[in-house]
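Naming follows writing order (A, B, C, D and E), and every chain is counted from residue 1.
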C-alpha cells in the first residue's frame, strides 16, 4: 500500500526522538568544553622527550642525539644538533646530548614512527591536543625545553606502557652491571695472574673504575644509523 | 548535432542517448558543479552540459587534492610511507595499511603470524562496516534527508572510531600495520569491545533499513537511476560493491583468498539491475555478511606473536624486484605496485585507487539523467578525493 | 468583530473586552480603524515571535531526532546564562540584520528588491480571514476561503521574480522548478477543500467552524476530519500544503544538494531572512486554514474541556500541525521534480475529484433513514480507499523492495 | 593458469612476427611479465581479452615507470696469463656501459570470468625525449582511459589511439612531468623553521643568514610576505 | 468614495500604459499583472468580493504564469525588437484598425445610460451567486466549462505532439 514505508520511517524517527531523552545508547552527545571525554590510554598526539628526573630536565635527558628519529621521520619535522661535550647518562656512561632538539608541531602528524625507531626510549607520544596558538611559526616550533617532560608524567599518561618500558630499562641496566662486574672480575683475575708473576713490579695504580661496556643494544638491532634516507 | 558526437565515447558508452535537437529544446546550458559544491564529497568538479534538466555531457575534473603521493613514496623509506597510506582513503585507513603491508610482504617474501592475520581480518571488516554505514548516510544526505540517516550513521561510526583509537592511538590515522604483522597486540578487553560492537550492529542495521529501504520516495528516486551494464562495468575496471551491484560475482576475498578469509564462511550479495538502489542494498547486505565474518574471527582468534620476530623495522631493504599486492577494500580493489632496487626507498610506488577508476564510467551512467540524479549517482559511486587525486 | 457573547467564561471574552476597553471612547470611524490596526499588530506580533521560535523548535526537534541537543549555545543577552538556546532566534535575527546584503552586479535591481517584499506581503494577507478564537476573526468576509487561496496563489509570482532577477543559472533552473511545483500542487490544494464548502454550504470561515459544532454520542466532535471524505480531504490538503510551502519531500526549489539554494542563491542578509519568514508564514497560514476547514477551528474536542479558551485550542492544534511538518522534514528525502509533478497530476488530483464525488454520496445518504446513516460510513470509506490503492499501485509500478541472490 | 613462458609461446604461435619477450622478476613475488613490441601490442591485447583459456577481461592497473640513463659498471672476471709464466691470475675488468633510458608502461591484467591472477604486459618507449609514443589499450579495456591519461600527465608518455588524451591531475597549462626522476621542483620554497637535509640547501638559497633554528627561536626572522618567490 | 475609484483607475490604466512602453519584456509583463490587480481592486471597491477574489485567483495567480512562461520561451532577444513599422502601408492599416475599434468603444460608452443616482450596492452572498450560477445561468457555465476543457485538451495535444518523438529517450 503506498505510504507504508514512509510511515515505518516516521515510526523510526519518533522512536529516536523519544529515545534521545532517556536512552543513553542513543543520546551519545558530549558537550565538549564543559564535559571532557576520557581519552583511551593508547591515544597519541605530538611527541615529547623523556627525562629521568623532573628537577633537572636538561641534565637527565635520555636522548643521546643519535638522529635516527630525524632520519626516519616521514615529514622530516625533527631538527637535532649534537652537543660538543658529553654528560653521564642514567647508567653513568658518558653520552652526547642534543644541544638543539626542535619539533615543528605544525608539520608533525603524530604518526609515532619516531617512538618506534628510537633505540633509547627517549621520545614518547604525549596526549596533549589543545595546543592552539596565535603565531604560526614561533609558537608551533617546540624547542628542547618545551619538549622535555619527566618520566613521572610519562607514567601518568601511559601507565602500562611506561611500566613495561621502565621494567625493560631496569633489566638492561642490571644486565649491564653484571656484565661490567663480570668484565671487571675477569680483568681483575687477569691482572692478578701477571701480578703474581711480577710480584715485585710496582703496583700500577689500577685504572679508574673500568668503564662498563656500553649498555647492551636494546632488543632492536644495533643502533647503526642506516644510510640517510636519500 | 546529436549526442553521440558530443561525448567522444558515445559509440562505446553504456546508456546511449539520442536527443533530437530542435528549436523547442533551446540551447544547452553548461553548469560547473564543484569543486565547491555541497554534494561532491570533497573537491571534485563535474562540468555538466544540460539540455533543460537532462544531462547531455558530463566531464569530471580532478586534481584539486593532488599531493603527488607516489613521488612522496619514492622519497621516503618503506616504513615512512605507512602513515601516508592512512591519508589515501581517509575513511578506511586500516584497509589501506593492510593493502600496502600485503604488497610489501609479497615483495620481500615476509611471513605473517596467525594472530596478526586474524587481527587484520577483524580490522578490515570493521572498516567495511564503517565505510558502508557512512556511504549510506552520505547517499541519503544527497537524496535530501536533512541529516537524520547521516547522524545515525555517525553515531555508530563514533563507536568504531573509539575502538580504533584505543587500539592504534588515533581515530582515523591509525598507522597500525607493519610488514610482517601489526604494531600493537589487541588486549582482551579490546576484543571484548569489538564483540559488543558487532553484536549490537545487527540491531542498528535493522532500524536503519526500516527507515530507508522500504521508503517509497527513496525507491522511486534510486530504482532505475544510473544503470550500469555488467559488460561495461567489467570493461571499465570497476571493482567492489559497484561491480557486484551489476550482478558480476567478483570479490577478491573469495577469488584471491588472501589472509585467512578462506576459513570464514560468508556470502557475497549480488545485485541484478546495477542502479543506485542496488548499490545501496548490496552495501547494506555486505555489512550483514561482515558481521558474520567478525563473529567467527573474534571467536577463533588464536594466541601467539602479533609481529613476525624476524621482521626488520628500520633497515628494511627488500631485494630488487617488483610486486603487485591487492585486497578487497570497502570501495573496491585497492592495490599497491612496488618496484624495488634494493635501496631502503621504493624505486616505484604506485597506488591502484578504486575510487579513481570507478569514476571512469560516471559520464555513461549520468547521460540522459537529470541534475538531481547525477548527484545521487556520484554519491552511489562512493568516492573519497584523497584516494582519487592521490 | 461580532459582539462578544455574554454567556462565555471570562477568559473566553477577555481579548474582546480588553480591546473594547482600549478603543471604547473613540468615535465610530476611528474605532474600527484602530481595532483593525490592533488586530494587524497582534497578528504580526504573535506570528512574528511564533516564526522565530518555530525555527528554533525545528532545529531542536531535528537535533533530538538525530540524537543531538540542537542549538543550546546562544546565551541570554545580559544575564548570559545558556537557557537551552532560547535566545537563538534573536541571535539569528541580529545576524541576518547585520549580514551584508549583496546584490549581484547585473541583477535586475527592481525585481531583486521587490521579490521578498511581494512574497511576504501575499503570505501575510492570508492571515486576515483565519478565525483564531470564538469571535477573534480579523476580517469577516463572505468569500473568506476564496480570498485566502487567492492571496496564496500569488506567491508563485514572487518566486519567479526572485529566480529571474538574480541572473544566475542555478536560480533560473530553480525558478522553473518552483513554478512547475507550485502550479501543479495548487489544483489538489483547491480541490481538497471544495467538499468542506459543499457540506458547510458557505465560503465564510466562521460559518464553517460553526458547522463543525456539537458532539456525536457525547464525545466524537462533528469535525470534518472524522468523516471518510473529510479525512481524505485533510490528507490531500496537508500534502499539497507541504508542497506549496516548499517543505521537505517537496523542497526541490532550494534543493541544497543540487542547486545550492535555488532561487535564493543570490540573496543574503535581511532579504534572505524575509524569504524564510514568508515561507514560515505560508506554512502557518496553511495549517491555520487546515484547522479551520477540517479540525473544527477553535472548538475543543471534548465537551467538558470547554472551559479552556478557544484561542488556546487553536494554538494547540497549530503547534501540533507544525510538529507534523517538522517531523516529516526530519524523515523524508526529496522527490525529483518530474516524480513530484506526476504525483500531483496522476495521484492527488484524481483522488481529490473522487473525494468530491464521495462527499456528494455522503450528503445524499445523510438525510435518509438511520440504516443509511450507518451504511454511508463503509460505502464512503470504500469509495475513497479503493482508488487510493489502485492509483497507488499504478504510480509505484516499477518500484518495489527487491530480493537479492548471493553468490 | 599458464606461466609467462607458455603464454609467450602461444602468442608467438598466434602472431609470428611480434616481438614478445619474458621479463623475469627477481623479487620474492615472482610475477614475471611480457615485454611487447609496439606493432602488435593492441592485437595481442585483444587476443588476450577474448582468448578462451585466458579471458583477461579486467585491466586492473596501468603504471608508468621512468628508467633514466644508467651507467652500468660490469666487473667481468678475466683470466690473464701471467707474462712471467706463473699461475694465470684472475683480474676483474670493469667495463662501463651506458644503458639508454626509456619510459615504461606496465599493465596488470586479471580475469573475472576464470578468476586467475595477473598477466603483466610491459610497453617501452624509444627514449625519454622525442620517441615517447606507445599504442593505447583503452579501445581494448575501457579501464585504461583515466589511468593512461594519468601516465601521460605525470610521465609524458603519449598514447596513440587514446580517445581523450588530456592532463588529468595537473592543471592543463602545467608544462613538466612531475613523476620523472629528473624532475626539478619549482622554486616555490616557503620559509620553514626547521630546514634540514634537502630543504636546507633551498633555505640557504633564500635566506643567506643561517637557518632560523640555529639562533634562538624567539628571534626568528618573520618571513618576507608570501615566502620569497624568486 | 470616488476618490478611491480615481486612484484605482489611475493605477490600472497607468500600469497598462507603462507596460506598453517598456523595452524589458519581463517588466512589462509584471506591470500587466499589476493592472489586473487594479481591476480586482475596482471590483472590491464596487463591493463584488467574490468576483474580485476570483479575478486575483485566476488572473494574478494562473494567467500571469502563462504570460511569463510565454515571454520566457520566446527566443526573441531584446536586439531584434523592431519598433518602427516595416512599410508605410502597414502603418496606415494599423491606424485604421485602431480607429475603428476606438469608434465602436466610444459609441457603446456614450449609448449606455449612466445611472446618476447611485443605488445602494446590493449585498449579494456567495450562496445567492452559487444559486444563480447553477440555476438560471447553468447552461452558460457548462458551455464555458466545455470550452475551457477543449482548449486544455488542445494545448496538451499540441504540446505532446512535440513530445512523442523524443519521449522515449528520457528513461
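One rule holds in what follows: contacts are C-beta pairs under 8 Å (C-beta built on N, C-alpha and C of every residue); 3 or more make two chains touch, one makes a residue touch a chain.
Computed from a predicted structure; not experimentally measured.
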Chain at the geometric heart of the assembly (C-alpha centres): B
Centroid-based (C-alpha) most distant chain relative to chain B: E
For chain C paired with chain D, centre-to-centre distance based on mean C-alpha positions, whole Å: 66
Centroid spacing, where centroids are CA-atom means, of chain C and chain E in whole angstrom: 30
Separation of chain A from chain B, taking each centre as the mean of its C-alpha atoms, in whole Å: 35
Two or more partner chains touched - positions in chain A: 2-3, 6, 9, 12-13, 16, 26, 28
Set of chain C residues in contact with two or more other chains: 65-68, 330-332, 396
For the chain D and chain B complex, residues of the former touching the latter: 25-29, 31, 57-61, 63, 65, 106, 108, 112, 115, 117-118, 120, 141-147, 154, 163-164, 167-171, 178-179
Chain A residues touching chain C - in the complex, by the definition given at the top: 1-3, 6, 9-10, 12-14, 16-17, 19-21, 26-29, 31
For the chain C and chain A complex, residues of the former touching the latter: 61, 64-69, 72, 327-328, 330-332, 388-389, 392-393, 395-396
Chain B - residues contacting chain D, complex: 8-9, 12, 62-63, 66, 68, 70-71, 106-109, 232, 234-239, 248, 250, 255-256, 318-326, 333, 335, 337, 339-340, 347-348, 350, 352, 356-357, 359-361, 389-390
Sites on chain C touched by chain B in the complex: 62, 65-68, 169-170, 173, 248-249, 251-252, 255-260, 329-339, 396, 398-402, 404-407
